[in-house]
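As written, the chains take the letters A, B and C, and residue 1 is the first residue of each chain.
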Amino acid sequence: MKLYLKVWRQEHKESKGNMVNYEVDGISAHMSFLEMLDLLNERLIGKGERVIEFDHDCREGICGACGMMINGRAHGPLTGTTTCQLHMRGFKDGETVYIEPFRATAFPVLRDLKIDRSAFDHIIQSGGYISASTGQAPESNSIPIAHEVTEAAFDAAACIGCGACVATCKNSSAALFTSAKISHLVLLPQGKLESADRVIKMVGQMDAEGFGHCSNTEACEVECPQEISVLHIGRMNYEYNKALLLKK
Amino acid sequence: MKQATLTYKLMMAATGLFLCFFLVIHLLGNLQLLLPESEAREQFNWYSHLLSGNILIKIISYILYLSLIGHAVYALIITRKNIAANGSKYVYDKRSQVSAWNSRNMGILGTIILIFLIIHFKDYWYVYKFGHLPLDAKGNKDLYSIVITSFQQGWYIIIYELSFIALGFHLLHGFFSASRTLGLYHPKYSGAVRVFGWVYSLAITLGFMLIPIYIYFNLNAL
Amino acid sequence: MMDAKIPVGDLADKWNNYKDSSKLINPANRKKLDIIVVGTGLAGSSCAATLAEQGYNVKSFCFQDSARRAHSVAAQGGVNAAKNYKNDGDSVYRMFYDTIKGGDFRSREANVYRLAECSLALIDQAVAQGVPFAREYGGYLNNRSFGGVQVSRTFYARGQTGQQLMIGAYQALMRQVSAGKVKTYTRHEMLELVLVDGKARGIIARNLETGEIERHAANAVVLATGGYGKVYYLSTLAMGCNSSAIWRAHKKGAFLSGVSWIQFHPTCLPQIGETQSKLTLMSESLRNDGRIWVPKKSGDERVPNEIPEEERDYYLERRYPTFGNLSPRDISSRAAKERIDAGCGVGPMKNAVCLDFSKAIKEQGRDKIEEKYGNLFRMYDKINGVDAYKEPMLISPAAHFTMGGLWVDYDLMTTIPGLFALGEANFSDHGANRLGANSLLQSCVDGYFIAPYTIPNYLSGELKAEKVTTDHPSFAEAEDSVREQLSRFLNLKGHLSADHFHKTLGRLLYNKCGLSRTRESLQEAIVEIRALKKSFDHELKITGDEGVNSELEKAGRVSDFLELGELMCHDALQREESCGAHFREEYQTSDGEAVRNDKDFCYVSAWEWKGEGAEPELHKEPLVFETVQLTVRSYK
């Protein structure tokens, strides 16, 4: 199979980037999308050119490192799938494929398709944790937690922090990411104690990082590789409103 | 601490929902236009008078003006923040495939509604408040005649109907979106609110849209 | 002779005795001490967070763009703990025994006992952090069983236990970042260890975002950099997993142990093309209902579904009637390789075996199978475009976990004072084969509960030591050597990519120092790896500049893998027995089972680097078993 790629190339944070055309032949349907890029990079090295930089690590859809806009869609045309799990059998011979980095003011491009997502770390630092130091924990079965509550918390905790929600959002909002963490922690009895402080800080940090607001288009849920529900955003808003009302 | 965007969103939701409530009141008034002509004139003019005299109504009307202005101003602020958050544009953008177009274009829909409102205010509200209107048999200002006259013009009806289609789509997203912003997250009730939002939007939109068409075709002979 | 500094007392008292007598540091003094932690996986994050909670200043390094992405996230199955919530006869002792037996009696009693002992507190800690372990309807924690044991002691969070534990540790780390006690250095790769007066006093790291070479000084250095299974190129590991931190520490004097003990996971997706980069792990739980077979006759060209029942060889059921398809990992993997080598493999590259659900679907119904494994079948379809409800899955063994690593004593300190190794980066607890769900456990226990006691014990002696700054000549020297290597890579005029060498090395090791080894294959491998290294030094081509450059990163890692690969072969060659994951074909019974040699090889190998081109020197730590009886592992 042969593809015509248009890939975003950008030297560094401050420089202007542009789309560069590449023809890649000899692609097999079994390859993953990233292996197709490996193949192109291998050929670029042969020609003495700088390779296309992109983030990737586990290549099994769980680390959240990879992520690019493929044909205008976050992580490509499939839903519930990371870029690394996208395979070439979904593409047609002779197709033109556009590859761009996830774009948002809070996610500056480092080089080519590599972006800086440390804003997500900052949001977690602002309060996305339960303050339980090592050694303080009581016996694990001393607090029973209902099966469905644990499952609901898990659904939220499954976020891999890839940033597709931000990339696909017309407002570059991090509401799904932030709300998933808030939901995960507030659902559990251990996390309830700090909930008011947490939500105020995390929502504030989300703004400070330069993310936009949520206008509930729900595109994030569609593109999320872990299929995290937008209802968590409702819960975050609930917690936030409650915290505002009850704040002393 | 600096006011978070979420509080702006809360204002959007609160003002929006108030406007939703007002639309119901407004529609109830307008539906009186569907009564037989002689009854309709007195009833409608009486209702208009009622809505301008009462102190309670006066307070509500000021809330209404504030809501309208607030809704528009906050929308503007949020939109500016969003543009700043977006950074550089995608060269090839197919994100529209994964969300409803009206949810992405609330700003444009809102602008259409705002333009319509300006026309609307000029034609009725301003005339009623500050213009010289003849009185009807009961001594109320005869807004009825103004309304009926304006709905005799085809082009006016077309603008009116198009604006309400925009309103319909705005409501369709806005109503449920407001409930989410206010913090409704339970899957069951969230779903119910969405259904209610559909019914509400449809009822409001069709209700308003029906009236001029009815008047155009039934009262043209006058 | 290596001294592991095992505390005195009965096995069950050793850790308590240690804690009671270890040296402490006054809270006011802790903030004067800096600790570098390299790696942010479960071991690294938990250690960094816990030390910071105690009051030390921690610098945390990882090459990923966020601490949360370390490869601990990929562990699926679960984490073991001797809670005995199932009331099925579990105890700390039993867990200790299962682990030491599973490791084929090639690990230290005291370390393994401590692992089992600390497993209790780990579950408590994880739950307190908000890890959503599976629960029963009554709200209490649920357990499941796992390979190689007879009790249910595995705690799990669906198929993402590693990710959930990782998030817990990551959040604990982020909490300390916001408290100002940890400073994170993401997208930083450690390229050199700095020794001052023979003690670990800092590292040289490259900022992968800017290319800057940075010096960082500290009172102790912790390596929690994971395993090196990626040495085979094709593996279940992440693309970035590497051996550079431990290898560079090794070259500075830290000994390496059990280097050739690498576990191959039996249920992974096979290689189907030359460009493949990853062998995705499919959960081992599939073996509960799937039956493994290959065609009876070699070179059978038919697709699996066309091969009639009587021409199928259910080789695990045939060879191990008691455990059958649920035989331990090392045995299942080796049996698969044996059949593939005999020409009976299936798939486009004839390198896989069938994992067949047709019988289970017939007996239990498709719905039941879908309920149990639906997500795995979906994943299989996503990757291969094949509906595994209709045709068998194709699976093959893949390099997965490294039992070997830096030699550490009971304190988890390497042979370099002040240099600690945690988690998969050390060799300590799994012997020659790791039991399922013990790796998450070990990394967490090392980080949360062991290092935070043993590191202060070391540091108490450092309080009065002279403060070392990055101006010390040792830093300049280390930085120069790093710069020299990087510029050499960039200036090489070759034509082959780092990946090319990595793939070549991987193939070579897989064939000659993989699931099974022979004296000849290992001797050949050593020669071939040396030749490959020579070729690498001349024919490598790195494009790009000193800024963000993934090829430059790879070059350093592959260079280290080439040297490590050679040591793996030395280690495997020297150990003339078969134990756990190490299977020397010369040492097997007539029906193909491993033959361990406790008389001559009941020790831990500890290899010392003797310089470029020189043979490594072997040191031995005899394994003394005071509590358990050495027996033959049999799963027949």
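Heads up, the rule we're going with is that contacts are C-beta pairs under 8 Å (C-beta built on N, C-alpha and C of every residue); 3 or more make two chains touch, one makes a residue touch a chain.
All values derive from a computational prediction rather than experimental measurement.
Comparing mean CA positions across the assembly, the chain most remote from chain C is B.
Comparing chain C-alpha centroids with the centroid of the full set of protein C-alpha atoms picks out A as the closest. One finds 27 Å separating the Cα centroids of chain A and chain C.
If each chain is reduced to the centroid of its CA atoms, chain A and chain B end up 37 Å from each other.
Chain geometry summary: the mean Cα position of chain B and that of chain C are 63 Å apart. By the touch criterion given at the top, residues 46, 49-50, 53, 64-71, 73-74, 83, 85, 121, 123-130, 132-141, 157-158, 160, 163-164, 167, 170-172, 174-175, 177-178, 184, 186, 209, 238-240, 272-273, 275-278, 280-281, 379, 382-385, 448-449, 452, 495, 497, 499-500, 541-545, 547-551 of chain C touch chain A in their complex. By the touch criterion stated above, chain A contacts chain C in their complex at residues 12, 28-32, 34-35, 38-39, 41-42, 44-46, 48-51, 53, 55-60, 62-65, 81, 85, 87, 89, 110-111, 114, 116-118, 120-121, 124-141, 143-147, 150-151, 153-154, 157-158, 160-161, 184-185, 188, 190-191. If you check the complex, the residues on chain A that touch chain B are 6, 8, 19, 69, 71-74, 79, 98, 100, 103-108, 168, 170-173, 200, 203-204, 206-207, 210-219, 222-223, 230-235, 237-242, 244. Across the complex, chain B meets chain A through its residues 1-2, 4-10, 78, 81-82, 84-95, 97-100, 103-104, 106, 173, 176-177, 179-187, 190.
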